[in-house]
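The letters A, B, C, D, E and F name the chains in turn, as written, and every chain counts its residues from 1.
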Amino acid sequence: MRGDAFTRADSDVIRRMGRISSATACAKLHGMGISRTAVQGPTALDVGNRVVGSALTLQFMPQREDVASGLGQEYVERHTALWAVLETVQPGDVLVIQAYGSRFTGCLGDMLVRYFKRRGGAGIVVDGRIRDVQRVRELGVPIWCTGTTPHYASQTDLFPWAYDVPIAAGGVLCLPGDVVVADDDGAVIVPSSKALDLVVDAEDHENWEEFSRMRIEQGARLSDYYPLSPNSRAEYEAWRAVNRSA
Amino acid sequence: MRGDAFTRADSDVIRRMGRISSATACAKLHGMGISRTAVQGPTALDVGNRVVGSALTLQFMPQREDVASGLGQEYVERHTALWAVLETVQPGDVLVIQAYGSRFTGCLGDMLVRYFKRRGGAGIVVDGRIRDVQRVRELGVPIWCTGTTPHYASQTDLFPWAYDVPIAAGGVLCLPGDVVVADDDGAVIVPSSKALDLVVDAEDHENWEEFSRMRIEQGARLSDYYPLSPNSRAEYEAWRAVNRSA
Amino acid sequence: MRGDAFTRADSDVIRRMGRISSATACAKLHGMGISRTAVQGPTALDVGNRVVGSALTLQFMPQREDVASGLGQEYVERHTALWAVLETVQPGDVLVIQAYGSRFTGCLGDMLVRYFKRRGGAGIVVDGRIRDVQRVRELGVPIWCTGTTPHYASQTDLFPWAYDVPIAAGGVLCLPGDVVVADDDGAVIVPSSKALDLVVDAEDHENWEEFSRMRIEQGARLSDYYPLSPNSRAEYEAWRAVNRSA
Amino acid sequence: MRGDAFTRADSDVIRRMGRISSATACAKLHGMGISRTAVQGPTALDVGNRVVGSALTLQFMPQREDVASGLGQEYVERHTALWAVLETVQPGDVLVIQAYGSRFTGCLGDMLVRYFKRRGGAGIVVDGRIRDVQRVRELGVPIWCTGTTPHYASQTDLFPWAYDVPIAAGGVLCLPGDVVVADDDGAVIVPSSKALDLVVDAEDHENWEEFSRMRIEQGARLSDYYPLSPNSRAEYEAWRAVNRSA
Amino acid sequence: MRGDAFTRADSDVIRRMGRISSATACAKLHGMGISRTAVQGPTALDVGNRVVGSALTLQFMPQREDVASGLGQEYVERHTALWAVLETVQPGDVLVIQAYGSRFTGCLGDMLVRYFKRRGGAGIVVDGRIRDVQRVRELGVPIWCTGTTPHYASQTDLFPWAYDVPIAAGGVLCLPGDVVVADDDGAVIVPSSKALDLVVDAEDHENWEEFSRMRIEQGARLSDYYPLSPNSRAEYEAWRAVNRSA
Amino acid sequence: MRGDAFTRADSDVIRRMGRISSATACAKLHGMGISRTAVQGPTALDVGNRVVGSALTLQFMPQREDVASGLGQEYVERHTALWAVLETVQPGDVLVIQAYGSRFTGCLGDMLVRYFKRRGGAGIVVDGRIRDVQRVRELGVPIWCTGTTPHYASQTDLFPWAYDVPIAAGGVLCLPGDVVVADDDGAVIVPSSKALDLVVDAEDHENWEEFSRMRIEQGARLSDYYPLSPNSRAEYEAWRAVNRSA
């Protein structure tokens, strides 16, 4: 099953979000009144990766043989939602998968991640497991998942059901076209309508944190520079004016 | 969001399924190749209840303030999927709710269950919690849930999203119009296309178990009568012929 | 270890809170900006109980033989925090216990609950287990706990450490003198400074729900009366004016 | 697979243990240096039951189709360990089952419990679930289990493997012929070699607790009578001498 | 306690299985009707390891002081099942340990793994934890475990009980002499009677996947080459004929 | 809130403990009658780290807006317990944090760990998560935690409450001034009063293990040298006498 057409996140916003951490994105969204944005469960498969991209969604459902395995007719095409979604990947897409944190289902393996990479996919966040992980690691696609398993995608408790639909991944609602920011802290879903405001606010945040970091390394007192007080804010603005012009 | 129109389960099948236990339904489906039918998590709120009916589905999603709470425009009508689904209840319906086993969300309370009952609703299976449980118990609607909580439906981690859609409840796929069989053992989802075959097979099962139960009470050896051997099957058929005619 | 002296919750507020459900209290606190008030874990030991009272607190700590069992000197008096707190019980107190949801420690048994009852204790909320539950049930003290166990209070992983101190019970901060409201939905901690405001707001809520309940039983449409619309609010006010005068 | 022959627990010891609670048994064993005796997980299916008896053991294993379902030859007879163990039940036996706390396997149902009862079985402690629970409840056999399910014994993740063997039930080692004491607090396994010593010690404990209970009801201070001090012990001995002679 | 004598897995089969991934082994067993083969819980202690070998089994049991610690006589020799099993290690053996996923017991440490390595042990799969992990890592023995802990083998909740017996490890039945295949995806237990058939089937699978991988890298469409269609199968066979002869 | 003044662990003891593993410390404490010393939950953020130091404690509490966020007055200064404790760090301190294993709260991030490092902090053990983990890793402070999250310290379910107080971290009681020993096996809390005795005993243990390791590498039988028998103890003493003099 394929959901409605959707608009991918703005590429300029994604580019600017490139230097914003998931932690800053999450904190800023909290300040904007959006509280559930950090995907619970999936962790970085390999340390040091980072991705920002437009969300492409895939939803698994509990296995049911009359629906999934050809015993019945009606939903048989849904068996291939996993194959189908891969044909729609565009460069920069981040695939976000609802798999209920299943310990049994290996949502993706070597061949599928390989194909995803060839189509330009930028990263994968899956609230479930992956397989063929040794080969997958060699492909170098940044992946956030809940673990590994030898099981393939429809071998046990789940099967691929729908794509381009709103999903629940790790306790967070993700709509197609939302912005995904993922790094070693985890993955954060940024509602597309909030992305631009977030970028503006977060760029300032990343900037003054750079200043605060410097001051602390120079021996300043924590509470004077983190977070900025009115005084240190002024000091930062001055410093920033000089450094920006540099 | 409302899903596609669906056909309710056949009322004659539901009537005949009235004397079949969830355990027998589950075992027979297993024999028919359908293995994931027992909803994991929800238990009977009160002991001794039982319901068979056509599934009416409701799906919760993770809370997201730009979508659920009026900050945004686009999905605001979905906030009332819970209210909306109650307006569609027909006599005999069993409401099945996907709530991810949340320990925080009280999917239904006194007023909503009261309305459900007034419209003829037969029972509720919710992969989540309920509130106002003292008043709810007095209403006498059979309910299977994962517990109780003082929180209301959109107070914490989830909010009502869609109805008349396929859902995942307790690890089982439930389509609108499937047959729900629930008793003290738990709730089982019977695919509507399998319901008639199941009834025929299960009626026979319930019948010979009655015979076996009698023989065991009379002192017979377990393995001679449970399950039936060819010999005891013949004996049962003879007994049944007499008793049926009676 | 005993914490600082504290003031018990106002008895008039407690009296007025007597007809307010934990669900209403929790919802109103949410509206007042206090979001974590429902104690996670403990459930009603017996169905149909209800208590409102001033919180008396007790904290367990992980077992450590040099501290708890007399190997060391310094903290040995803390071994009796459980005995000590019982000597301070005043009529109407609700004992709230931090026990980390331990599956092993039976925080209270027959003899201690018996003594608690004799001193006028009104109820117990324990984020842990109890023992001697058959005798305890006969005492009739309303209890919310996470289960039962044959282990006594300091037999396994925890021991009683301090009382009259702020505690974390089931993910909720409880200060001595807060108001505890517990019923079949669970237990809610009402900050003492919010209790009076809550009562005023909640009394109105309980009143209009009574009206709405009546209208729904009479066949009204759910969304017209739950929650009240401006129209139905006016209708309720009129009805209330008549009924109140009655 | 059947384990070695074993000796059932002494019937006189079992009789004397009849008035000792699981909590007292567990505490006394702790005092005797045996620390893991309380079965974690299983709770009383119905409140108010109690059983003491000699342990009869049954072990489940993870399902494996080449072993369990007739694909292979070698272990096929083990498929019926559940049926086989029931043929060995003697009056007063308590069946203790290792099922790894599985949420999926219904280890016993109506027919098997019925047969168990007919053979004089006294109670069942299963670290797993049961099915047909409505009928099972009517049989009145005291049962401690981790829940209910519609699945039958070999339908999903486990199958019956061996009996009369040492088992691990709820984190406790149980040998055939150990004494099982179970009540509303849970089930305790008493090593058969410790049972007589325990009875002697526990009878005294139950006796002085009766005295302490009386004193507390009469208004005494908790710490004077629970546990007994040297003074109150003397007082108890005197009281006991009079009461015993009565 | 030592179980019955057993036959180690065929060395030629083990050699041929050397290039088959745990994922392929698991998928092929599923196709052969064996569904529970992937050990749940243990993960690779270090990334990039791989082992295939014949299973040597060890079973822990819940600690019981009258049995394990010399208080009693009867089972005292079982205290050293861990030491005993290490004396039976033969080159290429994979030690598989049932420890119930305990978070507390460090089943093996530096000295024992060191000895295991000296005797030629090929790898270890333990449904529990290990200790001395820094030194253990330096030994380079491939290990799959559920974590680390400072506790030694019989310090807390378990102790070594039996070896050369059927065990349940991570929800999978493992018989002595089964084939263990473990890599970064996890560990899979291959029933010895199925191993040869599996090898033949899996070698073909690994071969055509190599071909499919190549085609996908060359820009082919996923669904044309994964899995193979009749057309691409033919294409593969031709390619294979050429490559094999090369 | 700040607890009472405390004495840091003796620096000489800490120095001598430098070569003792957490496993040996834990085993020796067990032998000294202290059984709960291994912190459950936190694991090494990076492999190969090790720290020994004096415990500095910090306690989180469940979020409550009237207390934590300025709605109320009384406890507002506690909001900064996290900032305050960092001002008290002395060289060699190990910060131990009670955060209930929360999956949501990022107790520390880049800026705070940076400040901790500048003040000479030696390591961090947190029964909760951290954020900004990529930058934190670069700082090189050894950290044991339960995971990572983008959330900041008071964003979700907890907030910093008190420091220099006894805490419960991962099921272990930690008093300010206790000795913390942490390595790849995990973190162990050594009661300060036991530290010297432990050092003496553990040094001997580390020494004979070095000898045993050598003998095993030379081909000796495990049970002859691990643990030492009277014979091999004598052999070790002789070897040690020679090597010590070297």
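Going forward, contacts are C-beta pairs under 8 Å (C-beta built on N, C-alpha and C of every residue); 3 or more make two chains touch, one makes a residue touch a chain.
These numbers were taken from a predicted model, which means no experiment stands behind them.
Visitor: Show which chains lie in contact with chain C and also with chain E.
Guide: Expected: D, F.
Visitor: Can you give the shortest number of steps from chain A to chain C, where adjacent chains in the path must touch?
Guide: 2
Visitor: What is the chain whose Cα centroid lies farthest from the Cα centroid of chain E?
Guide: C
Visitor: Computing the C-alpha centre of each chain, which chain sits at the greatest distance from chain A?
Guide: Taking each chain's C-alpha mean as its centre, the farthest from chain A is D.
Visitor: Compute the distance, rounded to whole Å, between the mean C-alpha positions of chain A and chain F.
Guide: 33
Visitor: Let me have the rounded angstrom distance from the C-alpha centre of chain B over to the C-alpha centre of chain E, please.
Guide: 40
Visitor: Touching two or more other chains, which residues of chain B qualify?
Guide: 35
Visitor: Between the chains shown, work out who touches whom and classify the graph as line, ring, star, complete or other.
Guide: Drawn as a graph, the chains match no named shape, so other.
Visitor: Report the complete set of touching chain pairs.
Guide: A-B, A-E, A-F, B-C, B-D, C-D, C-F, D-E, E-F
Visitor: Okay, in this complex, where on chain B does chain C touch?
Guide: Contacts found on chain B: 80, 83, 86-87, 103-104, 106, 109-112, 114-115, 118, 131-134, 137, 147-152, 155-156.
Visitor: Provide the residue numbers of chain E that touch chain A in the complex, in ascending order.
Guide: My answer: residues 21-23, 25-27, 30, 35, 37-38, 40, 43, 47-48, 50, 183-186, 188, 209, 212-213, 216-217, 219, 221-223, 226.
Visitor: Of all residues in chain A, which touch chain B in the complex?
Guide: So the residues of chain A in touch with chain B come to 33-36, 61-67, 71-72, 100, 157, 161, 166, 168, 171-173, 175, 191, 193-194.
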